[in-house]
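The following pair of complexes shares a single chain, chain A, combined with chain B in the former and chain C in the latter.
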Partner chain A sequence: MTDAISISQAQLRFGETAALDGVSLAIPNGSCFGIVGESGSGKTTLMRAVLGLQKLDRGEIRILGKPLLHGRAALKERAGFIQPIFQDPAASLSPRSRIRTLMDEVGTVLREPLAATHERLHVILNRLGLPPGVVDKYPHEISGGQARRVAIARALLMKPSILIADEPTAGLDVSVQGDLLNLLQDIRRSQHITLVIISHNLAIVRLIAENAAVMRAGKVVEAGEVGSLFGSPQDAYTRELLAAWPSVSAAK
Partner chain B sequence: MSGLVATLKGICSEREGRLGLAFTCLILVFALAGPLVSPDPNVIDVKARFAAPGLAHLLGTDNLGRDLLARTSAGTRYALTLAVMIVVISSVIGSLIGIVAGIAGGWVDRAVTAVFDIVNAFPPLILAFALIALYGKGSATFVLLVTVVFIPQFGRMARARAQTLRNLSFIEAERMLAVHPVTIVVRHYLPNVAGPIIVLASMNLPVVIAFEASLSFLGFGVQPPKSSLGTLIKDGFISINQSWWPTVASALVLAIATLGATLLGEALRRVIDPKTAGVR
Partner chain C sequence: MAISLRDLSVDYTLPQGTAHALRGVSLDIRKGQMLGLVGESGSGKSTVAFALMGLLANNARVTSGTATIEGRSFDLTKRNATADLRGRGMAMIFQDPMLSLNPVFTIGTQLCEVLRRRAPGSDRKTRVAMAQDALAKVKLSNPQRRMNQYPHELSGGMRQRVVIAMALLSEPALLIADEPTTALDVTVEAQIMREIIGLRDRIGCAVLLITHSLGLVTEYCDAISVLYAGEKLESGTVKEVQRQPGHPYTRMLFDCEVPIDCERHADASENRFTVIAGELPDPRQRPPGCIFNGRCDVSFEDCAVIDPGDYPIGNHAGHSARCLRLQTP
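Take a look at the complex of A and B:
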């Protein structure tokens, strides 16, 4: 079976800093995959490279078996099966457009009649627990939690088969964090989406992901099934990270 | 609509803003209502030359007995029309060029910036003389000149904003959805570039009015018998020994127009773009 995302020997330097230093990863189709690491470890750069927002110096990325290309035609094709949820979802909604306009844009891209887009949107909003009236608001008129759901709704409207969420729970209070993770998990299972969670928070990756990779200084230091990765970490850095998270150790 | 009301409220919240708005409204009413209350600006009545202000001629008459109220009103209307036209054309063209340069980066950006630098390297007055030598005197030459001089100002501002916007999540989100680039520019760049551009445009209105008056004063602007604030000041200036009134009347109108537009522009900047305005 083809992997949803396969990365081989990805290298990228920003001046003297190696943002990605020979990263190789395979993310199985339909799975939930976590990428963990501290700030500056290269997680977000890797995500941006996978989305085609950042060109690699060397190495190859394949999405559903096809090599990642740049340019508008490639971007258009890719938009149909891979969508991001950015770290700051409020900032990922155009500030001077109503949410309805942002949603309608997706319909235009998909060349779908607006009525059909609205119908699908209605179902998605319902699913995400958003009131239908939210579409008449501007991004600054809704709460942070709602903005995140709106960003997810917009990504789902694109009918992607891969969803990449960068710090999906950042800035949310603990109860909302749990709800959101459950929601993402539900959506993933019911729609057979490959979900990639990028987070510095080991607890949420452990909770939701099946496989995970630990990154440090642009390298993958350890990757594998979540149970064994966090249960008996092989790499010293992983052990260090785990030790820094008392809640994770206590949950063992 | 609520945005417009909020902007007006913001402008009126300080004395300078209220004054600017009042002066600007006054000048607009003066320019628009002139033809209604006053005779034809070009009717010569030699018997009434250098008449003092009175019931027949509210602002008196000039050396040919032409009604000064009608002539200053026509001159103001001409200056305002040119100013608005130039500012609208140059801000639209400048913003689009600036946004494209900001988004594209690379050689496109370098080429656009170089052209902007070249245009800015000429002092406007020298460029004016060169264009007048090439195309002759007249409104069209003036519009072309000031538009060309202003485009880089708007272009630079739009370019800087676009460069910032380009890397923001919401623009990347649009790109990831494969939204058409033209839609992205029109719907997501333009509204977010508009604020500072509107402020710059309003600050440039008085500059055009004053520049038009100076060129006309020097005899390179509008040609007789049409009236412009600059030619009125010059004609009054020539015959200042017979009557000081024409100079004062037209200079006062010019002063109120530029002061009003400047104060209004400053107030608008304070409301729309508080970061670049003086610390309050």
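Take a look at the complex of A and C:
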């Protein structure tokens, strides 16, 4: 079976700093893969490289077996099977256009009749618990949680086989966060998509992902099956991360 | 009692009407204690801090509330009631340290400014020495060099350390930390929390930690107060509240936390997360009865009609919750 995403020896420097320093990862098809690490560890840069938004200095990225190409045509083609949910959903929605305009654009890209797009959109919005009226609103008129779900709806409307979510729960309350994660779990099961979750929330990654990688300063320090990665971490940094995690310890 | 806050109510005037952000909130923090004030966004936890510091926005109005800080009473309904205490009796650590430091002044200048207010009459040399000493106390590397640096030259964790050093210099009776670690990484978060604890132990002040993370509260706080839609639903020692949550909302909040060592399904796609269904009530129009009624999983008829009082739980002094189920007939 080909991997959904395979990265080998990715190198990228921003001036003095090495954003990616020899990153190699294989993300199996149909699984959920977690990438954890602190800010500045290169998680988001890696995501941008996988999406083709950031050229690597060296190394190779293959999506579903095919090497990642740059250029407009390749970017457009790739949009059909790999979709991002960015960290700040409000920033990925244009403040000047209604949600509907954004969604209609998907139909244009897919060369699909608008009616068909709207029909699918209706199903997705329903599934995400968004009122149908949300499409007539501007991004500033909806709440942060709703904006995040709109960003997910847009990503799903493209019928991707790979979904990359950058910090999907950042800034959400615990009561809402569970809702969103359950939703991602449902989508995964019903549509058999590959889900990549970038997060600094170790507890969530541990529950949602099959495999995970721990990044630090542009390097993958440890990767593997989640159970053993979190159960018996080999790397000192992974242990440090786990030890620092504030947990609701049982009442003594 | 070092700090007590009684019956704080705050309204915000909005184009859509008047939002009641806080309704009769009371808090007590003992000297040398850390109280965790938890609640979701929109629960009014930051409004508590701003009302105490006198930093409320122009459209806010304190309709009732008194604060007692070190034996002195302050009527919070008056504008700038606690202005006298800012920088002397009260200090605050904000979520974003970049916003609480002035970008055009060096760290040293900003630290010395605190001392000019705290210790008027001291000469410049003493102030610089004290500021450097404070930076060393919060374990900022190379304090001498930091004094001449600007906030943008430091990382988020280092900036937060500078803000803690500032608080240390002002030797407050009450330190308010409003989501001090939300913008930081977990490993840095642990360090910053240790610094705040260190500061508390060094000057023996009371700390009000405002956070949405129950993990932080159970790990570092002595007492906890739970805020929901502008009302305090439960308060007590962390131990008691965790062992026996009196209010269903508190129990549900604890259930929503994902522990790092919780049971894990072999098939990862089978793992589910706990959710509190429903939405916050409209802050402009409080529904009758219990404020949490619409989302509660154990509510009964009376909950929609009777506004519950604050009932004590067990024999433990100070542990109480506002739930009709605790009412003893």
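Keep in mind that, in the parts below, the second predicted complex is superposed on the first by the 246 of 252 C-alpha atoms of A that agree within 3 Å, B and C clash if a C-alpha of one lies under 4 Å from a C-alpha of the other, contacts with A are read in each partner's own complex, and residues count from 1 in each chain.
One rule holds in what follows: a residue touches a chain if its C-beta (ideal position, glycine included) is under 8 Å from a C-beta of that chain, and two chains touch if they have at least 3 such contacts.
Computed from a predicted model, the values in this text were never measured in an experiment.
Asker: Once chain A from each complex is brought into register, does chain C clash with chain B or fit beside it?
Answerer: Here the two partners, once superposed via chain A, fit next to each other without clashing.
Asker: Under the stated touch criterion, which partner chain does A:Q185 make contact with: chain B (first), chain C (second), both, or neither?
Answerer: Touch partner of A:Q185: chain C, not chain B.
Asker: In the superposed arrangement, which partner chain does A:R96 touch: chain B (first), chain C (second), both, or neither?
Answerer: The first partner, chain B, only.
Asker: Contact-wise, after the overlay, does A:S6 reach chain B, chain C, both or neither (first, second, both, neither)?
Answerer: neither
Asker: Looking at the overlay, what does A:A79 touch: chain B (first), chain C (second), both, or neither?
Answerer: So A:A79 only meets chain B here.
Asker: Should A:I208 be classified as contacting the first partner (chain B), the second (chain C), both, or neither?
Answerer: It touches chain C, and chain B stays clear.
Asker: Angle at the Cα centre of chain A spanned by the Cα centres of chain C and chain B: state it in steps of 10 degrees.
Answerer: Between chain B and chain C, as viewed from chain A: 80 degrees.
Asker: Identify the partner contact of A:T45: answer first if only chain B is touched, second if only chain C is, both if each is, neither if none is.
Answerer: A:T45: touches no partner chain.
Asker: Figure out whether A:V106 sits in contact with chain B (first) or chain C (second), or with both, or with neither.
Answerer: Only chain B; A:V106 stays clear of chain C.
Asker: Applying the document's definition of touching, compare chain B and chain C: which contacts more of chain A?
Answerer: C
Asker: Does chain B (first) or chain C (second) touch A:Q177, or do both, or does neither?
Answerer: second
Asker: Could you grab the smallest C-alpha gap between chain B and chain C in the overlay, to the nearest Å?
Answerer: Nearest C-alpha pair, chain B versus chain C: 14 Å apart.
Asker: So chain A touches chain B in one structure and chain C in the other; where do those two contact lists coincide?
Answerer: No residue of chain A touches both chain B and chain C.
Asker: Under the touch definition given earlier, write down the residues of chain B that touch chain A in their complex.
Answerer: Chain B reaches chain A through residues 168-181, 183, 187-188, 191-192.
Asker: In their complex, what parts of chain A are in touch with chain B?
Answerer: Residue positions touching the partner: 51, 53, 72, 75-76, 78-80, 83-84, 86-88, 91-97, 101, 105-106, 108-109, 151, 154, 158.
Asker: Using the touch definition up top, name the residues of chain A that touch chain C in the complex.
Answerer: 32, 38-39, 173-179, 181-182, 185, 188-189, 200-204, 206-210, 226-227, 230, 240-242, 244-249, 251-252
Asker: Touching residues of chain C toward chain A in the complex: what are they?
Answerer: 40-41, 156, 185-190, 193, 212-216, 218-220, 239, 242-243, 252-254, 256-262, 264, 268-269, 271-276
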